[in-house]
Amino acid sequence: MIRKFFKWAFSPMGRIAVAIAILSLFSLAAYGLYQTQQAPEQPIQFTHKLHVGLGIQCLYCHPGALRGPSPGLPTISKCWGCHQQIAKTQTSALLKPMVEAMDKGVGFTWVPVAQVPDFVHFTHRPHVAAGLNCENCHGDMTQVTIAVNPQVMNMGWCLSCHKERAAGDKEKLTKLTDCGTCHY
Amino acid sequence: MAVLSKYLPGAKKAREDHFEKDDPRQYLMHDPIPRGQMNEMVMESMHATSWKFWMVFGILSVLVAVCFFYAWGYMIAEGLWVAGVMRPAYWGIFLVNTVFWIGISHAGTFISAILRVFKAEFRRPFTRAAELMTTFGLIQAGASIFMHLGRVWLSYWMFPLPNQRELWPNFHSPLMWDLLAITTYVLGSTMYLYLPLIPDLAMARDRSTGWRKTFYRILALGFRGTEGEWRHLHTAMNFFAFAIIPVMFSVHTIVSWDFAMAMRPGWSSSVFGPYFVLGALHSGMGAVAIVLFIMRYTMKHMDYFIRKEHFDALGKLMMMVSFTYAYFIFNDYIIQWYGGNLATDNLLHWLEEGPMSWMFYQMILFNIVIPFAVLWIPKVRQTPWLLAVVGLLINIGMYWERYIIIPVMLTINNMPFTWKLYEPRIEIYLTIGTFALFLLFYMAASRLIPLIPVWEVQEGQMAHTMRKIGKANVSTISDFE
Amino acid sequence: MQMTVDLNRVGAKGAIAEAAEGKWGMSIDRDLCTGCQACVAACAMENNISFVGEEDAGYGRTQHWIRIERFWEGAYPNVKIAGGYQPMMCQQCGHAPCEPVCPVFATPHSDAEQLNLQVYNRCIGTRYCANNCPYQARSFNWRDYHTMPERGNMVNGKLVFPLHNQFNPDVTVRRRGVMEKCTFCIQRIHKAQDKAKSEGREVMDGEFAPACAQACPADAITFGRIDHKDSLVSQRSNEGRGVKHLEDLNTLPRVTYLKEG
Amino acid sequence: MSEKITRRNFLKLTTAGAATAAIMTGCGPASRYVTREPYVKMPEYTYNGLSTYYATTCRECAAGCGIIVRTMQGRAIKVEGNPQNPINLGKTCARGQATLHGLYNPDRVENPVRQGRSAPQLSTAQVSWDEAIQTVSDALSKTNASEVAFLMGTAPDHLFDLVSDLADAIGAPAPLRFSALSMFEAQATLSKAAEDLLGQAGLPFFDISNADVVVSFGANFLETWLSPVAYTRGYAKMRRSRPRTRGYMVHFETQMSQTAAKADEWIPLLPGTEGLVALALGKLVAQLKGISAPRAFASVNVQQVVETSGVSMEQLTRVAELIAESHAPLAIPGGQALGQSNGLAAAEAILALNALADNFGQPGGVLLSPLAPNSGAHRRPANAQEMSDLVAKMKSGKIKVLFIHGVNPLFELPQSFGFAEALHATPTVISFATFPDETALASDYIFPDHHGLESWGYQRSQTGVMQSVLSGSQPVVAPNYNTRATADVFIEAARLAGGKFAQALPFADEVEFIQSKIENLIARTDGSFIAPEINAFSAYFQQHGGWWASSAESDSLSAANALGKSLNVSSVAASIGENEFFFLPFVSPTLGEAGANKPWLQELPDPTTTVMWNTWVAMNPETARELGIENDDVVRIVSEAGSVEAPVYKYPAIHPNAVAMPFGQGHTAYGRFAAGRGANPTDVLAPSFNEAGDLAFAGMKVRIEKTGKQQPLSRLESRIGVYGEGMYEEK
């Protein structure tokens, strides 16, 4: 039985079949990987490009970055502050969820794209205070509609920047490469 | 070609009393049979399976499936709470099993490498059996280590793999040394099992058909038995025999450092290295005795290969190891007692009169007193079942020894408020599972590869001759190397 | 060119003892400790420590990061608690036995804060550190106690855990199979330092305290910088009653116990 | 929009925020499918990722400690002491810390239900709040006012004031405040003794912090007694705050409690002889001081006291010497000394000892607790006698409607009082319980109140501090469930009933009622803050967590009254028969009376025995050996009133003729963490009272029977290592 199978597998047809099987396995895996990298569906197709292009500062909508750990998502009433003056808001199908939320007082959920795991205690404030700009980590928001994560935010990525910025300052390097700075 | 000459075991007595009656054919080396016939015997021993074999095989398979795989899977899914480990005995039977199996594994290397290096001729028929114990024992030891991890799925972090985190494993940790030593030992001993197996696999290949032929053909690596191949094989075996000896000693020394390097009463002892090595040999020898007994009485034709003389020689070896072990155990405890550390004193009291003291006394009884008392007697040494019983007792004693060192000694520490006694829970099943898996491997191996190194026996039989020197009948060996 | 050698780094993560006296430290006055368990409860609430239930608690699987020990002395009627209650937690050793034995660096020494860290996500659960801790101050997550089904309610076919609402987001919720221990409330240390830095100053003595010290009704626990001679904790530690536990093991503990009387 | 309205809106909005608690699982790397829901409208004082702190009052016992609760995105995360509140000055006890496990307890009454007395299950027959208010309104208005009874918890809080006002206005009997804690502390006895000797009823303040020698007669002030956090602080100051002076502490108690363990000397004595010992001490002190014994102490026979109490003459003399030589000695009467048939006399004897030491009104002595604002007529918690009267009235059908809030009499009252039958005889029982406790499950309706951290309110301090304190409460989180403040329910119901009911409570809601009550404080200039008008005042009141006088008050007291009275303490420590023991129930220091449903309190080891999650019978090892009882053997304790079973803990520090048992476990309901766990020692208590009407609970005679069963107690301590020499006896 096994011998027969091997015989078949080494025949020309068999070779093609094996090749197809291997290829389809790989492409399935690749598709799976690709799927995990797709941006999740968001309630509103928010265009960062447009808003940043209008000259709105990042910190206007995400002010928490200046104060504490989390930059925060803007409250819907903040969106409303501007949008109520825009006629299109009431008619646009894309903005319907916001209008509804404002009417009913019930919010909707976003899927965050730039995330660290729960065992990493990332705080925005010191990073902003150290003179980092938003685009250093989050990419150029004038180029994207829905925010995408421009890089894999893993430990090596954090560390490379920490080391670079602390180069030459031993005390700073100790602090910035200490496990307890992020993990506790 | 040097000619070595030595008395046969027991020959002196025979010479004096029953000079003529002592038939040299009772010794395997002087009882040669034609090579073809011997090969057939070995092949037959592999082929012959009775319903008893399959019944035992089936029971063991079920045990392995339930007690090993299911129980382990359950523990991974549920967390370690299903085991009995707790504060302060954070390590339990899993580590006991690890140390125990590593100890068992030492016998193989010792018998095949050290005895080979020292040219102890009685080793010839059972080197293979002992080496198999090394490899299979190490598998159980490794599995037990992984069982005890809280998050076994992340155990690859212990290997020095490059990663984006820029983190390496901690080479200061005795566990890291352990991992490296055991890995080295597994690789080394597997190679060392495999090399002497090649001629026998080639023999088997030439004498089988069907899937077995394919199996042996692949494993025999095209060995044909030419002069050059034999020379290379001997070189390689010699090389490994010498290389594996320090590895063997270092492995158990390093395993002992898991304990000796720790800051705990009872553990922090500098004699632990050699003490553990000797302990390993002690249990290993006992295990070999049991395996030989089982082989002789369950497998076909084995009564030809495994004879009284082998049990006798093994018994002597066990006795010697037992002497040395007694010295080390005395040394270890006397020094700890003499140290006068308060926590250690508490620990010794605990061993002496705590609820687990029965285990301590049994350990002394099985490991020292019984071997001392009975192995002097040639009748005991030469009766296979008696020696197997002694081997079994030694193994129980050695298991107790590891149990005392790990969970029982962990009970007592510097913080008396936390002293608590460990009770094994799922560990019992997993222990049964590892034993069953070991036996299952062994049973499978006994039907797949020749348990007798045929070529070694044949080589020995060719080298041995009886010569008459003066009035004495003397066995002589020609050394081919 | 002169080579400078950082002894802490060369010395196998503490094989050569730290010369410095450490940074954060604690003093515990056994004369004042009333054994009331407020620190234990506060610690549990601050650090998301799980409770384990009756059976596991009795079997030695409590997750308390701080426990209050008491030993009997004498026999009735002259029986007493020897030396008073003794809160025991991680002593944040300068030369910690737990650190070198971890094969994966899950419990490294913080060079910045001079604390023993426990990196939960790195831990693979060998439990060697706990065996080697002479203070028995570490506890292991034997199972996912937080998500045991009997602690939740079925709401519309889904298991919800009301108790999870209480979790402190500053502290990782540990899953099963990892070791944990007292951190000296490192999240509070970071918070205070971050605040001080944003205000351009140093952290002041007494500006913050770990949960245990904050709760202690008798003020038996004092926390602060032991490398600052004028801090309250330094003063209390050096007033003459101070004892460090198992100092003969050269662990350089950072917690000073003040004797009774 | 006034202050309170915005705050309420905010609380509603925060519910949405609570849903964002998504990173709570701790299971490996956070999944990318974590979602975040932003606020529709950001509540004031809230920033993303930053905590908001709210000052409020701890409701776990009646001490009224101020707490600050850390909240984040609408969830309460941590309780911290309010450093400004003079009662606890930033400290908390374990029960205060665990209050969050009450707030987020998985077993709460989530909706108003028609319970229909269907214990032990919580009914699922949900009713709407409108129906609930209608029910309350009908119960109030369609019943003869004298047949309505209100039963409440011990805390002297705004709800008590509201219900009192309502009861006064409609002519119903005044609401009763009761809890097991007040019963075990024999508060009525202490109050009566204070009235007799100090001239003011209520709980006196014992200034431990300035005392040199503290002689405590069973007062477990480090555990649960009156105001434990305040007294623990006093203890710490007594020990360590003064240079070169370390206060000395002597504790007379039959068993070594946690407080006794911290004393320099623990002197065991037979229960019921505390008063005698106090008198003997007084006589000896007078002798040592070289003055003639005042009338109070004249009649005692010291030798006889030595014989009955079991305290040796040497010990008595030494303690007397300590008192005589001290500048500021202080004697404290505790619950175990007063909960005796001679309890009132004992309390007076102990207070008289203070009078002899001339420490009345002095630092380090006995002072009058300043009356908290709005104290009005002082109403102490009901004593057991009054509870017994209530039960009798209920049984005879004189009570038609019973409102229960904040107390669980089925559990807290001894079974022998017959509250279960009394409930049965009462046609309508309405419970306002937050948790499904025994009494709530046996009532007709449960209209759940908010948890303390979800409610408004204030609470008067009773003792523990020399300032007049009114601790304020405010919701720190929005209510988790469909609950409603009981005060609001009463206000609405009264409005619905109209007439005198509506006139009694002419308020829009609870907050307006509270404001009306604190309005008079605006005029006071000696307070912790000053505000021109009520809105600003209540804002400050919430911000600071209450109002308190900025400086301590103390009245001068005369000792003459105390010393001139002739005291005669009858001896109750009669001989006990074969296999008879004195039974000593005490309140569990970690659980208190209502902590059993908070899992982390259950997991806290008892300070003396380190037992967790269970009840034990503390027994002297010597006694246990004689009876052939081992650790963990379940014994049955039998008295004439009933029996209870619990495992034995061989406790080395208890009188051989006594057994002790903690109160706090033994629930049959009260949620999954409490139900079916441990045993309730009140089951063996018989209804016998002392002169002040308090239950004579201590030292009741019981028999011990072996059951042959075993139940291992979960202990934190090692069973091997903590007993010194005998370390291998245990297994």
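Note that the chains are named A, B, C and D in the order they appear, and that numbering of residues resets to 1 at the start of each chain.
Just so we're on the same page, contacts are C-beta pairs under 8 Å (C-beta built on N, C-alpha and C of every residue); 3 or more make two chains touch, one makes a residue touch a chain.
Computed from a prediction, not measured in an experiment: that's the story for all the values here.
Participant: Which contact partners do subunit C and subunit D have in common?
Facilitator: Joint contacts, listed by label: A, B.
Participant: Which pair wins on C-beta contacts, A-B or A-C?
Facilitator: A-C
Participant: Could you work out how far the Cα centre of subunit A sits from that of subunit B, in whole Å?
Facilitator: Their C-alpha centroids are separated by 55 Å.
Participant: If you average the CA atoms of subunit A and of subunit C, how many Å lie between those two points?
Facilitator: Measuring from centre to centre gives 35 Å for this pair.
Participant: Distance-wise, how many Å sit between the C-alpha centres of subunit B and subunit C, to the nearest whole number?
Facilitator: Here subunit B and subunit C have centroids separated by 44 Å.
Participant: In whole angstrom, what separates the CA-based centres of subunit B and subunit D?
Facilitator: Spacing between the chain centres: roughly 66 Å.
Participant: For subunit A, what residues touch not just one other chain but two or more?
Facilitator: 117-119
Participant: Give me the residue numbers in subunit B that touch at least two other chains, ranges are fine.
Facilitator: Only 416-418, 420 qualify.
Participant: Could you list which residues of subunit C touch at least two other chains?
Facilitator: 59, 62, 67, 69-71, 105, 122, 172-173
Participant: Indicate which of the five shapes (line, ring, star, complete, other) describes how the chains touch one another.
Facilitator: Basically all the chains touch each other, so complete.
Participant: Which of the residues in subunit B come into contact with subunit A in the complex?
Facilitator: 163-166
Participant: Okay, in this complex, where on subunit C does subunit A touch?
Facilitator: 105, 108, 110-113, 115, 117, 119-122, 170-173, 183, 186-187, 190, 194, 197-198
Participant: Tell me, which parts of subunit A touch subunit C in their complex?
Facilitator: Residues 117-119, 121, 123, 125-126, 129, 174-175, 178-181, 183-184 of subunit A touch subunit C in their complex.
Participant: Can you list the subunit A residues touching subunit D in their complex?
Facilitator: 36, 40, 63-64, 67-78, 101-102, 105-113, 115-119
Participant: Could you pull out which subunit B residues touch subunit C in their complex?
Facilitator: 78-81, 85-91, 148-152, 154-155, 157-158, 167-170, 172-176, 179, 258, 261-264, 410, 413-418, 420
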